[in-house]
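The following pair of complexes shares a single chain, chain A, combined with chain B in the former and chain C in the latter.
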Partner chain A sequence: MKAVELNEISKTYGKEKTLAVDAVSFSIDEGELFGLIGPDGAGKTSIFRILTTLLIPDGGSATVDGLELVKDYKKIRSRIGYMPGKFSLYQDLTIEENLNFFATVFGTTVEENFELIRDIYVQIEPFKTRRAGKLSGGMKQKLALCCALIHEPKILFLDEPTTGVDPVSRKEFWEMLKRLKSKNITIVVSTPYMDEAALCDRIGLIQNGKMLSIDKPDEIIKSYQNKLYQIKALNKYALLKDLRAMENTLNCFTFGEYLHISFKYESDKTSIELINSLTSLGHSQIEIREITPGIEDCFIQLLKN
Partner chain B sequence: MKKQLFIFIRKEFAHVMRDSKTLLVLFGLPIVQILIFGFALTNEVKNAKIMVVDRAHDVYSQQLIRKIEASRYFEIKTDGISNSNIEENFKAGAIKVALIIPSNFNQNLLHENAAELRIVADASDPNTANTLTNYLSSIIMDFQNEVNIHTTLPYKIIPEIRMLYNPQLKGVHNFVPGVMALVLMLVCVMMTAISIVKEKETGTMEILLVSPFKPILVLISKVIPYLILSLVNVCTILLLSVFVLNLPVNGSLLLLFAESTLFIITCLSIGVFISVKTDSQQTAMLISMMGMMLPTILFSGFMFPIENMPLPLQIVSNIIPSKWYYVIVKSIMIKGLGFSAIWKETLILFFITIILTGISLKSFKIRLA
Partner chain C sequence: MMRTIRYLLQKEFKQIFRDKSILRIILIIPIVQLLLLPLAANYEVKNINLSVVDNDHSVYSNLLISKITASGYFKLQSYDASFKKAMGNIESDRSDLILEIPQNFENNLIRDNEEQLFVAVNAINGVKANLGGAYLNTIVRNFNGDIRLQLITPQKINPMPVIEITNANWYNPFMNYHLFMVPGILAFLVTMIGGFLCALNIVKEKEIGTIEQINVTPIKKYHFILGKLIPFWLIGLVVFSIGMLISYLVYGIVPLGSIAMLYGFVAVYLLAILGFGLLVSTFCQTQQQAMFIAFFFVMIFILMGGLFTSIDSMPPFAKIIAGLNPVSYMIDVMRMIVLKGSGFDDIKFHLLKIIGFAVVLNSWAILNYRKTT
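Let's look at the complex of A and B:
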């Protein structure tokens, strides 16, 4: 049985029928760590809200843990854990009170499922009498995760859990997700950060409500059709302008200090010819090297097609 | 289920108790309102500045002036006043009313059996001008009776006026019930609406909705703390009115609390309804302030008499719950009436409550949209 299965799910908003989710179909296996990757406004939150029974889709069908989305919403609600994107707990309650509250509301006690959250909780336990509003972003996320886990859900939905969290806490957070996965909890997570995509078992790239590609991160990278080069010169901005003006350039984007470039026609001499023509345009300190593409490169290419 | 409800209600109390601003609004508001209405805002006129131009300087005119001086309504202004020009004094705002006694006052009264007096009032504030001239006329009437004590007129009608329920015509009698309606409306509607919308804003509502906790119980546990806190407010207001403003509760205290509870439930369901229809705390607050406080002030009859309004507004006033509550509280507190006298108002309030509760329960969503 699939943990989550979507079949042509669509969702529109408002009178203008703005399409937020456009006939999306995919499935998630039990015990899988599935990532929904896409920029803001891609439709990630809408899909999460549909799967957590908070929104009714306009079209299509879906099951969560084998249960029909609309009909069995009550049963689904007791089997899932959900951490909304803007979830900020009760700021004026302490860590302990927040946890106790959510445990009780979900019909359980902190003691009963403490094993599941122990690893995470020990990190914030020293501050358990501190109010949630006074916690750092990373600690808030840990507490929110504890609250979402306290009733031992079979499927965990995390909507942009690492947005606004420092890099160290982000790394820790993903390690925690790995540990939860080993306890056979299915995890569906969304993120706008491409570097986090590689940490998922499978990812779905989403843009404007449409699923662009669903696969393992390695496979998505393998599917990148062209050779990719990173290139650098003294004047980065002029370089970008000149490269984009060239006829043979397929894509050219800035990536930190480098530019990533792919070409329409490729031969052994491509890079040498490029250096020559760039030198004649007055560029200096040119460096060019072939690289393996990242998820972000694949995403850009998918968007272009 | 009981345990869930209990922890939820405890959480709501924690929200209120840990936020000093909420606490201030919740418990400070009724106290401040009662005190402001009790001592500062009153439509009784006291110590109005009067200028007396005595051209007679005889026994009777002196007697009349002493009488005016003795009343607590007037304060005779003498210093800084140029006798010659009354209008200057009005323009400068130094006096509210002027009394002119003509030079042959005594003579006219004794020999012609009729004397004229002139009263000039500053009618830029018509209510005050009216009140002051009435006060002054009644003082003069009184004076006339004293002068006439030896003579008997052929016919005489003496109206004997009795002011029932409020013999001293104190404003307090009017506004304590009004403030009760106002405070309950404000606290219940605004606080409930804000506390629910806040959960929407912070995203905790999404969690509560996906929890197995029934949505209807979310509502009940949101509403109960404010019901209790509002009853505390009713107590505060009553204690203040009895011990600070000397306005006793003439009727049954139990009945008063029962009716207040009914009204509080009305307000709470309005609060829930607003919270369902809005998504931000600011909007919720504005709607509660504008949509609830204003009609309460305008249409409950405690500031402006409903009888004087044009018919369409009178009809509108009937759907304002605070109007009925105001009538009920006045009947119990001031007139000391029992349930038999207010059953009609209670019934109307009851139906409004049923309808509002129905609407708000129905509009409360188990999903986000």
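Let's look at the complex of A and C:
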């Protein structure tokens, strides 16, 4: 049985019928850590809200933990944990009170499922009498995760859990997810950060409500069709302009201190020819090197197509 | 199930008691309103500024003027030589009324048994002008009666039968306006606290996003709604009790009717008002929207509920609106039980209508409340 299965799910908003989710189909295996990767406004949150029974899709069907999405929404609610992108616990209740509250509304107690959240809870336990609104971003996120886990859900939906969180907390958070995965909880996570994609078992790249590609991170990288080079020169902006003006350039974009570039036609001499023509254009200190593409490179290429 | 509701209530009360500003509002609003409004809102018009134009300068005209000023309602602002001058006083807003006493007032009055007085009223402030004119009429009529008594030697049988009207103010013998206003203001208070707090509280959950987290839980719709209604229902009753206590301590008002019945009615009325708040909250996404919509309705409810102006004197369309206004029934019942000591039989139709409001508003709200969008 698949943990989550979507079949041609669509959702439009408003009178203009803006298509937020466009006939999306994919499935997630049990115990998998699935990442939904895409820029802001791609439709990630809409898909999450549909799968957590908060939004009724306009078309298509889906099952969550084997249950029909629209028909069995009540049963689904007690089997999933949802952590919305925006912190939405009670700010005027303490850590302890929030946790107890959510345990109670799910008809369980904190003690009953404490094992599951122990690792995370011990980190925020010293502040358990502090009100949630007064916690730091990282602690809020840990509390939200505890509250989403307190009823031992089979599937955990995390909508952009690391947005606005510092790099150290982000790393910690992903380690927590790995540990949860080992307890056989299916995790669906969305993120705009490409570097986090590599940490998932499988990822789906989404843009404008359409799924561009769904595969393991390695496979997505392997599917990059061209060779990729990183290139650097003294005047980076002029270099970018000149490279983009060249006929042979397939795509070229900035990536940290380097530019990443792929070519339409490639031969052994491509890079030497390039250096020559760039030197004649007045560039100096040119460095060029072939590299393995990352998820971000793949994503940009998929967008171009 | 009971456990869920108990926990929802616990959470709600914790939040309410932690919000110090709300708590203060709950306690201060009834005190301030009950101390301020009844003292300020007084229908009795005093200090009417009077300009007199006396063209007669006789004993009788002096007598009339001193009788008028002695009544306590009028303040002799000016004693003018001509009507034109007196008019100038009205124009500059120094006086509200002109009384013109014609020449030969005394002579005509005694000889012809008849004389006319001229009264000009500044009607900018309609209430003041109307009442002032009416007071003046009464005083002149009494004056007239006094003169008749002096002039005509009483005969065994009065040749002209006279009907004299005296009145008694039942249920409020001294026409004490506090007695009239305070129960109405109490009704108004319960409406405000119940309606606003309930609407704002639910919309706050929407605004902050906590409702999202609640909606993915298996909590039932009626659990959530009960969890919201019960705390504000209790708060409404507490506010009402504070109000009753203040009206006893400050104004000495003790309900003539049964206090238990009063509470019974308020309890049902609160359900209707909370249903209204709930309904408003289902239509709004932000606290600002909820505030304005609730304010709009409460304003109409209060102004057309018979607190300040009598419903009986409203035009027919306004009476229909008042009939659809739960606040009007509440104000009515408050006055009936507190002032008149009405029993259950007198208020049973009011009660029935309020139950109707409670059922309709709450079911509408529940139907309109969705856990999914």
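Keep this in mind: the second predicted complex is superposed on the first by the 304 of 305 C-alpha atoms of A that agree within 3 Å, B and C clash if a C-alpha of one lies under 4 Å from a C-alpha of the other, contacts with A are read in each partner's own complex, and residues count from 1 in each chain.
As a convention for this text, contacts are C-beta pairs under 8 Å (C-beta built on N, C-alpha and C of every residue); 3 or more make two chains touch, one makes a residue touch a chain.
Owing to the predicted nature of the structure, the values given are computational and were not obtained by experimental measurement.
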item	value
Partners on chain A (chain B, chain C) - clash or fit	clash
Chain B versus chain C as contact partner of A:269, first or second or both or neither	neither
Partner chain(s) touched by A:55 [first = chain B, second = chain C, both, neither]	both
Chain B versus chain C as contact partner of A:71, first or second or both or neither	neither
Doubly contacted chain A residues - partners chain C and chain B	52-56, 73-74, 77-78, 80, 82, 84, 86-93, 97, 100-102, 104-107, 131, 147
Complex contacts: residues of chain C adjacent to chain A	3-4, 7-8, 11, 14-15, 18-19, 208-210, 212-219, 371-373
Complex contact set, residues of chain A against chain C	52-56, 73-74, 77-78, 80, 82, 84, 86-93, 97, 100-102, 104-107, 131, 147
Residue ranges of chain B touching chain A (in the complex, touch as defined)	3-4, 7-8, 11, 14-15, 18-19, 202-204, 206-213, 366-369
Complex contacts: residues of chain A adjacent to chain B	13, 49, 52-56, 73-74, 77-78, 80, 82, 84-93, 97, 100-102, 104-107, 131, 147-148
